[in-house]
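A quick write-up on the structure given underneath.
First chain written, first letter: the chains are A, B and C, and each begins at residue 1.
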Amino acid sequence: MLEILENNWLLFLVGQYPHGPIGGLTMTLFMAATALALCFPFAIALALARLSPYRWLRLPATAIVHTVRGLPLIMFIFWTYFVSPLVIGRAIGGVETLIIALVVYEAAYLSEIIRAGIEGLPAGQVEAAKSLGLRYWPTTFKVVLPQALHNMLPSMVSQFVSTIKETSLGYVISAHEVTFAASQVNNVLLTQPFEVYGILALTYFVLCFALTSLARFIERRTSSGRGGAPGVIVAA
Amino acid sequence: MIRFENVDKWFGPMQALTGVSGEVGRGEVKVLVGPSGSGKSTLIRTVTRLETIQGGRVLVDGTDIASRGVDINRLRQRVGFVFQAYNLFPHLSAIGNITLGLTKLRGMGKAEARERGLAELARVGLAEKADEMPGRLSGGQRQRVAIARSLAMDPQVMLFDEPTSALDPEMVGEVLAAMKQLAASGMTMICVTHEMGFAREVADEIWFMERGAVLERGKPAELTSTSAHSRLQAFLASTRHGGSAA
Amino acid sequence: MGYVFDLRGVLSGQYLDWFVIGVATTLALTCVAWCLAMAMGIILTLIRMIPLPPLGWFVALYVEYHRNVPLLVQILIWYFGVPSLLPRPARQWINAHHGEFLLAAIALGLASAAYIAEDIRSGIRSIPKAQYEAARSIGFGYLGAMGYVVLPQAMRIAIPPLINQTLLLFKNTSLAMAIGVGELTYRTREVESYTFKTFEAFAVATVIYLLISFGIMALGSYSDRRLKLETR
């Protein structure tokens, strides 16, 4: 196992760069971060639309969220792959495809987190802002969202972890990320698939577990002021 | 019936009960009063071993409840406990809350248990609410169902842990009425409560507790009229429940 | 652009058959994996109730592994990795008996079990200790209090999240296409590559996925409304 790692760590880390495109873990992180950053405005818009008092805003947003929740990510990847040539006139690569599909997919899930965050705020906050004479947009962007986003920080880190895991689908469409890199190593070695994919799993585990622990740490810090959890039942 | 002998209870480094002794005879009603945190609730919780004690003994009918031979679940069936927060089971109807113990612990048939449950509900004036879910009952009604739930197990003693403290003022009366009726029927009771009117009317003896000890005990008339103890007088002056309830 | 959207080409003859087989395989994979996940989830919950620290660590490690490693990677390990550790006759048996379906079901089921165990646990944790105490006060023992009072309430709380897990499991069966399981996504690509009717083929698959997902979601929100208890 160590020997595989010694001979291929660069491939796991950056793919074939500098002799080819950047790939590996670097690309995995780049794709996840880019997708999450790009989907953020869409997610906020979807969340606000779902909470809107106007039906013509609420219904389409609800439909979008439910549709995305009802489809496997891989369907979005294929749709992106087939539709984007029609839109921009040329075929796009695996990395772009995956990022676009993830933006759509994550926007829906993130919007649900943001919506829950907004709904979780005490009603008094909006009422206080209104009674100061603030209109909808200042109330939303100066009072509601800053608090909601602060409370949501742990969920956002978890969402980043989900996104990292989802980039592994690059394997299916040959986008050069770390799972694809591992499959290339496996194709060269042929005889040690358990070790190769074991290294891959361990890589993801270390990365994602660290982030998950960070999310839990933030959650404990933010919730410590809100009183304890209900009592835990233990054996008598 | 119940004897406390030098009961000590620690919560970590904090002593909740310090050498509490006392006796509750058959058919007697004792009312425990005192400021919050004085150990009243802790004391009655030791009787059914909801709290374990570190020193002394608690005896029910002459048996040390901590001794090896005691089947604690049997004992708990004989000692009814009514909580401040009712603790009805929200997934069961009013009657379901009452029959659960009858069918699963007493092995009673469904029809018989229901009949018994209805009788208990009638006793607290709630027969027509038998099939309501707890979520649809008022606080006072919930607490009366909780009392009926305990009574259905044929307890020899009933323990009340501030049964009216979580209630809106207008509902206190109905619960106290049920408790008075129970006292009149000769039930042995220990009640933790701030309702001094109830205490004066029903209690055979009032125990005044502070900082984990019984500072004073006596008949309601003696304790509340003559200036027996400055701490008690200060406490009585601070509680303004004196005349509530019918 | 001269492209005519025409479903007839992909919804007739052998292509229709492929879709039907694909849906059947997806549903079969969901069912087998679901049963495995439920069984394993309950076993993990029971193990966690035993007050013995190493057992708790084992369950924690199990849960963390399955939640922090991408499902696709878990599937690849089961498909490429695990058989390579087995003796040759076992490997031959797997190859001869559509091992990819079985291995995909194992991977999906074991991963889902980690989430199910967490859902059940948080259901139990959300029941106030006072409920347990009240049951003990009536005279129930540990098992009676858990069985008649705590677990029935915990299950009500856990069922909506469990239905959501079922939805995720159903969607995740699409990952099995990566190891050649002939489920809906895999068959769709087959139809597409034979007919070149890309949009039609994927439209059919999309509609099928959505219909089944919406069914599961409807069940979820129904149970959510139905099982909610008024407290306080």
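Note that a contact is a pair of C-beta atoms (placed from the backbone, for glycine too) under 8 Å apart; a residue touches a chain by one contact, two chains touch by 3 or more.
Model, not experiment: these values are computed from the prediction.
**Q** Where the centre of all protein Cα atoms falls, which chain's Cα centre is nearest to that point?
**A** C
**Q** Quick check: more C-beta contact pairs at A-C or at B-C?
**A** A-C
**Q** Would you mind checking which chain's C-alpha centre is most distant from the centre of chain C?
**A** B
**Q** Distance between chain A and chain B based on Cα centroids, please, to the nearest Å.
**A** Distance between chain centres, rounded to whole Å: 54 Å.
**Q** Distance from the CA centroid of chain A to that of chain C, rounded to the nearest Å?
**A** 20
**Q** Which integer distance in Å separates the CA centroid of chain B from that of chain C?
**A** Once rounded, the distance between the two centres reads 48 Å.
**Q** Can you list the residues of chain A that touch 2 or more other chains?
**A** If we look for residues of chain A contacting two or more partner chains, we find none.
**Q** Taking each residue of chain C in turn, which ones touch at least two of the other chains?
**A** Those would be 130, 136.
**Q** Could you pull out which chain C residues touch chain A in their complex?
**A** Touch list, chain C to chain A: 1, 49, 51, 64-65, 67-74, 76-77, 80-82, 84-85, 124-130, 132, 136, 142, 146, 150, 167, 171-172, 174-175, 177-178, 185, 189, 198-199, 202, 205-206, 209-210, 213-214, 217.
**Q** What does chain B use to touch chain C in their complex?
**A** 48, 50, 73-77, 80-81, 83, 85, 87-91, 100-101, 104-105, 133-136, 149-150, 153
**Q** Hey, which residues of chain A end up touching chain C in the complex?
**A** 66-67, 69-75, 78-79, 82, 86, 161, 164-166, 168-169, 171-172, 179, 183, 186, 191-198, 200-201, 204-205, 208-209, 212, 229-233, 235-236
**Q** Mind pulling up the chain C residues that touch chain B in the complex?
**A** Chain C residues touching chain B: 130-131, 133-141, 144, 148-149, 152-153, 156, 229-232.
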